[in-house]
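The first chain written gets the first letter, and so on, giving A, B, C and D; residue counts start at 1 in each chain.
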Amino acid sequence: APAPAALKLGVVYDAGGKFDKSFNQSAFEGASRFKKDTGINFIEVQASSDTQAEQVLRGLARKKLDLIASIGFAQTQAVAKVAKEFPNVRFVLIDGVAAGNNVNSVTFKEEEGSYLAGVAAAMATKSKKLGFIGGIDIPLIRTFGCGYAQGAKSVDKNMTIVQNMVGTTSAAWNDPAKGGELARSQFERGVDVVFAVAGGSGMGTLQMAKEKGKLAIGVDSNQNHLYPGTMLTSMVKRVDNAVYDSFMQMKNGTWKAGITAKGIKEGGVDWALDANNRKLITPEIEKKVLGVRKDIIDGKTKVIDIRSGAACPA
Amino acid sequence: MNNDLPRWATAVALPLLNLLSALLVAALVIHLLGEDPVESMQILINSAIVNPEGLSYTLFYASTFIFTGLAVSIAMQAGLFNIGAEGQMYVGGLGLTWAMLAFDASLPWYLLIPAGMLGAALFGALWAFIPGYLQAKRGSHIVVTTIMFNFIAASLMNFVIVKYLIPPGEQNTASRVFSAAAEMPRLSDWLPVLGDTPLNISFFIAIVALAIYGLMVWRSSWGYKLRATGLNKHAAHYAGVKISKMIIVTMLISGALAGLGSVNSIMGSTHYLSLNFVGGAGFVGIAIALMGRQHPIGIFLSAVLFGALIQGGFDLSLEKPNIPTETFIFIQGLIILFCGAMEYLYAPVLMKLIKGKQA
Amino acid sequence: MQPAVEFRGISKHFGAVKANTDVSFTIAKGAIHGLVGENGAGKSTLMSILYGYYQADSGAIVLDGQERHIRSSQEAIRLGIGMVHQHFMLVENMTVLDNVMLGTEGGFRLASHRAEAEAKLREICARYRLDVDPLATIHDLSVGAQQRVEILKQIYRSASILILDEPTAVLTAQETASLFEILKLFKEQGKTIILITHKLQEIMDITDTVTVMRAGRVVGAVQTAQTSKAELANMMVGRPIENNLPRAPYNPGKPVLEVRGLGLKDGAGVNLLEDIGFTLRAGEIVAIAGVSGNGQSELMEILSGMRLPTAGEADFEGAALPYRRHDADGLPLVFRHLGIAHVPEDRLRDGVVKNFSVMHNTFLGYQDHVKGRWGLIDFKGIAARCAGLLKEFDVRPPNPDLRIGLLSGGNQQKVVIAREVLAKPKLMLVGQPTRGVDIGTIEAIHTQLLALRDAGVAILLVSVELEEVRALADRILVMCGGRITGELPINEFDTTRIGLLMGGTHTS
Amino acid sequence: MTFEDLHLGSIVVSTVRNAPVLIFAAMAGLFAERSGVIDIGLEGKILASAFVSAAVAFTTQNPWYGILAGMAVSIALATLQGYVAVTQKGNQLVAGIAINIAMSGLTFVVAQYFFQQGGRTPDLGEARLFDVVLPGSAAVADVPVLGWIWTKLLGGHSVLVYLAFALVPLVHWVLYHTRFGLRLRACGENPHAADAAGVSVAWTRYSAMLIAGMLCSFSGAYLAIVQSGFFLRDMSAGAGYLALTAMVFGNWRPAYTFLGCLMFGFFGAVQIQLEGVDLPVVGRIPGALIQMVPYVVTVIVLAGLMAKSVAPKAIGVPFVKSR
């Protein structure tokens, strides 16, 4: 492994940018933590289009970086292509799978984390009506939704889940007004717990829940601190850990190419329990969620990933 | 007041002064962001124009913009404000992709490329047809319908891509990658100095399109009828122009041109269709058509300028983290404002200078 | 006595065009002053300067002995100047009342003065015998009524100096007569009136003094009583004007156009045209006389293919004109290819594309005839042809690259007529060919039309000017209320009888 | 879920809350366009005022300062458009588009510079404008129908919502029943006539733009400090264009334009409710396709029911005193 001081690292965010309140931001936090812990700096770039992703990756690869972390599935093809051209540069692709023996593809079992969120929501709801608000109707978001539904229905078969998407263009990730309006509409239909997986639009959802005194579930990073008192929990997706670990493995010389699917067991996804939502999580809920969590880790409960082509059972 | 100025002044001096003013405001903003404007400008120019690789990215972006700019321009000639180039290019990409998915395994490249272009043009035209038809036959305001069709296209494409085009098990919201035969020949194949950049023969196709546009609009009798329709519908009717047909045909051409914009983006660069691949190129087309005054040379220069801002701005933001890429969106706006909307800002001053010298 | 208006050495140029050069003359208080001159002589420009619309490059305007710098129409209005413009200055989708109130509303809330204004308006209408409904919307009014609204506006504002720029160009004889009655009333009230017109008879009828302009300069200022039409014409054009143009003997050929039972209903089912039938032969000019708005425009539109009839048919050279189709889209071209040329009544709306150059306007409608190699327009050929045309038809300035909108109306009209004449038609439809056109140009246009007739072309002329009808026609049809109310040969020309027919009285 | 689960009440309330963004902007556009200035720059003004009002409201912790600051910026932009249209006699479409593009970039850059949150402002928290609770709400809340009307439909909105709805008759009154309105409409139809009647076209158009700027700022403020509670890049998400559409749809008349805005609000609300619902005949519409409902409906209405829309005649044409 190269000497730590000489280690050259890069992070390439996708169009969402490093403050997207979602996986890009999480990646940024992981890389920053690594920098704080080791003193090793990293280069960061945002690629606004697929063409730029390729341009950026190639540019960084030419600078002979040791490891480049590409954040977001939109960079899948670009990583595959550039990795082939630069066999000596290593790549980590977050949320997608790219071929190449210098690529480590990290995916997350969002369905598992969402399952926990669904269980928690189903335990907390009084109306037996749960809400889900996604950004755009794409497989990744559906995976969250389906995991959530599976979890909820595991608690009560008759649970109703109202699902809405914010929009169809990238503006859907930046439309808190719509995110809030969707939540309001769901609340008016009797929903009392809502799970928002919509980047910046989700902020509007969480806020509306606060305003209306309903419960909300955050996503990606631990968002419990945003509105203590109405944030039931957050479904954390540890992109930060994935980036941090990759960088650390690079530093320690243990980095390996391949495909890593990170579920609860691997510390990739989880629910968040902290001081901010302690009061909302009754011992009963906590016990139930922890039990389910253990079953998933032990393989006793299998959560279906719709990306594998299976239909959503819930 | 302006027809008193000599030609060199209106054609060269005024636009330059305007461009300088825009850059001056931009420099002020860069300064406020805590960076050195002169150095930044050097980096910008260097990485967008001087450096061959950068230049070829600039021209790559310009190729798409020329098509969307042409799409908006030709509609404007008929007095139609087509805000829908964005959606038309998006749907055009679907036509192209359809052709590729059907034939990329069986046809050679020299048939695949025309097939892709045909698919793109056809679908783009189709998407423009409905607003055109509604304008011609029902008098539905084209500005409204094309805006609506942008939204509808976004929903439709979202649906089609997610439901039908994503290969099973893939995360990326994109179609499969096309075969190598479906790639537009790149200029770097002949000019290695351009580096590994996506600049491809679409650029030449765009230039040809510009030339054909110029000839059709100003030299053909169809173009004469087109402009008459745009300038005075009554006189055009008097002259025997079939106004409804003219509106529909123009929108078909406009949509086809917008659709062709996708060829450069998809077959020239990514080789797959993805969600939101248009990324605002259709709206940039409006700015380009307006700034370039619907003239081939104006369209070309504006397209290159916008390409340069994207490429140069991108590189600059890499070097100067204090200057986010969004700064260049702002600068684009400034340039459009100064060069496109306030073109005669300095005419009185210039006039005084010239008059003063003569006296 | 102090003159009401004095122009002192006014000069004004637009780019290279010298619209006014050192213009000086005075107008006595309480006089009706005529201002005449060829198209483009600078009359409107001078009046626009008086009205604060343009600023003179040099020179001064003195009102009642005081030099005034009039920088805007607001100031002009404050100084008691009112102007009826050559082109109506009316907001078409507003009511008469709103148009009159505009600029003199009397308060922030319209309602506070509306009733008052309406009463005053009705009072004025009654006093001056102006037939206008204050609550009618402008675009529903006839041209004559719109003109009355313009006058009404000025009376309402009690202007003391009233400028009228070609107010009679679109009026019928009766309307003109009643306008003049009003002007006389004004004069009695001590108001000063400046009247611009191309009709020298009107100058003779009503003015006290006349100023003649040519090419931006004053070339004569006379007492009306001491001059004659011929002298004025001579001053204006620089040569005598021929009133009776030579023409070949009437010798019509075979029928070119046969119209039978033509009718037109509008969307609401109202008859605009009813049972129109007539025959037009080669080598004759048939004039359609009538008060404007009685179906002449619609008839011309139908015969030129711009509009479809709802009943009846028409044969052109023995073959039926293709009226049985879905819409008139593209039909004018079909007609033109058959040999039907059309000088439209509303040249700015239909006849020219204002933003095209003069040259581009010389083949409007004939764009398919000028294709050269590869289907591209043969601009070389057109330029050569255009240069000849400008010269032959004396278009001024003879600059083919000028935007046609910048030409004076008369010169625009010459371009349109030249274009249609040069197309060598078999049938020529001519609507109001000399509206707003100066006497020199009228002579030129009439000469062209007569030459066409002598060459065997059938000509259908629509004109509200009986003078023109008399000068050109071989036969006269009179229209009223969408019907043909009578026909008479030119040698039976009789103003009274035509007047009766125009009023709808059948005498045949 | 079944068809019966569609909540009409929820749809109506949602409509009322969605519409103000469009109403403010459309009324702003109405003033500009009836005076003859094309206002395609609504989007940029919304965005700028949204950012500035959020930023100032956060910094001062007072929403009213935010609204005022947003207004100032929006008016400045509108005046710039007026300057281009009136003084420079430039292309108004270009100016509008330029403002949209420039503001999309500038709001991000400035927000990033000051707050370092990726072009977002921090949460406004207490600096938001909160909803008005009508007196007696608690008492009637449980009464069927009346309770809903009093607390949800009439009450429970921000002041800006009431302002938006009150604006419509006000705008109608100003346009059709005041001197200013008469002059404004005259300038938009035939500026030459207005000028000849002694009305200053320049002054009228500048005033119209001033009002347009002011009204448009409420749209941004509503987005940022009422609906969202913070500013986010490009958060106007096409509202300016939709407002423009509503105006064209409404034939440049306040009442019809207002109906257009309500229509967008309504179908937006219906679309929310339709998602995942099994409809009779068509069954369950896929989510992505449901998003297009408001737009498809607009096109159908426009094509099927409306007569040709008639824009103010002089719109977009610089007023030059010549032929």
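Following the convention adopted for this analysis, a residue touches a chain if its C-beta (ideal position, glycine included) is under 8 Å from a C-beta of that chain, and two chains touch if they have at least 3 such contacts.
Chain labels with UniProt names: B, D = Simple sugar transport system permease protein; C = Simple sugar transport system ATP-binding protein.
The model shown is predicted, which means the values in this text are computed figures rather than measured ones.
**Q** Measuring between Cα centroids, which chain is at the maximum distance from chain C?
**A** A
**Q** Averaging only over C-alpha atoms, locate the centres of chain C and chain D and give their separation in whole Å.
**A** That gives a centre separation of 46 Å.
**Q** If you average the CA atoms of chain A and of chain C, how many Å lie between those two points?
**A** 75
**Q** Between chain A and chain D, what's the gap in Å when you average each chain's C-alpha atoms?
**A** Centres of chain A and chain D (C-alpha means) sit 35 Å apart.
**Q** What positions in chain B touch 2 or more of the other chains?
**A** In chain B, the residues touching two or more other chains are 151, 154-155, 158-159, 162.
**Q** Two or more other chains touching the same residue: where does that happen in chain D?
**A** Touching at least two other chains: 119, 233, 238, 286, 288, 291-292.
**Q** Which positions in chain C are in touch with at least two other chains?
**A** Where chain C is concerned, no single residue meets two or more other chains.
**Q** Work through the pairs of chains, note which ones touch, and then classify the graph as line, ring, star, complete or other.
**A** It is other, because the touches fit no line, ring, star or complete pattern.
**Q** Throw together a list of every chain pair that touches.
**A** After working through each pair, the chains in contact turn out to be A-B, A-D, B-C, B-D, C-D.
**Q** Quick one: in the complex, what on chain D touches chain A?
**A** Listed in rising order, the residues of chain D that touch chain A are 1, 5, 7, 9-10, 13-14, 17-18, 21, 117-120, 123, 223, 227-230, 232-235, 237-238, 268-269, 272-273, 275-276, 286-288, 291-292.
**Q** Mind pulling up the chain A residues that touch chain B in the complex?
**A** The contact residues of chain A facing chain B are 15, 44-46, 48-52, 54-55, 58-59, 73-74, 76-77, 85, 95-97, 107, 136-140, 167-170, 307-309.
**Q** Which residues of chain C touch chain B once you look at their complex with the stated criterion?
**A** 15, 304-306, 327-334, 336, 342, 344, 346, 349-356, 360, 364-365, 367-368, 370-371, 375-377, 379
**Q** For a test of understanding, state which residues of chain D touch chain B in their complex under the given definition.
**A** Touching chain B: residues 84, 88-95, 97-106, 108-109, 112-113, 119, 233, 238, 241-242, 244-245, 248-249, 286, 288-292, 294-296, 298-299, 302-304, 306-309 of chain D.
**Q** Applying the document's contact rule, which stretches of chain B touch chain D when the two form their complex?
**A** That would be residues 29, 32-33, 81, 83, 130, 134, 138-141, 143-145, 147-149, 151-152, 154-156, 158-159, 162-163, 286-287, 290-291, 324, 326-334, 336-337, 340-345 of chain B.
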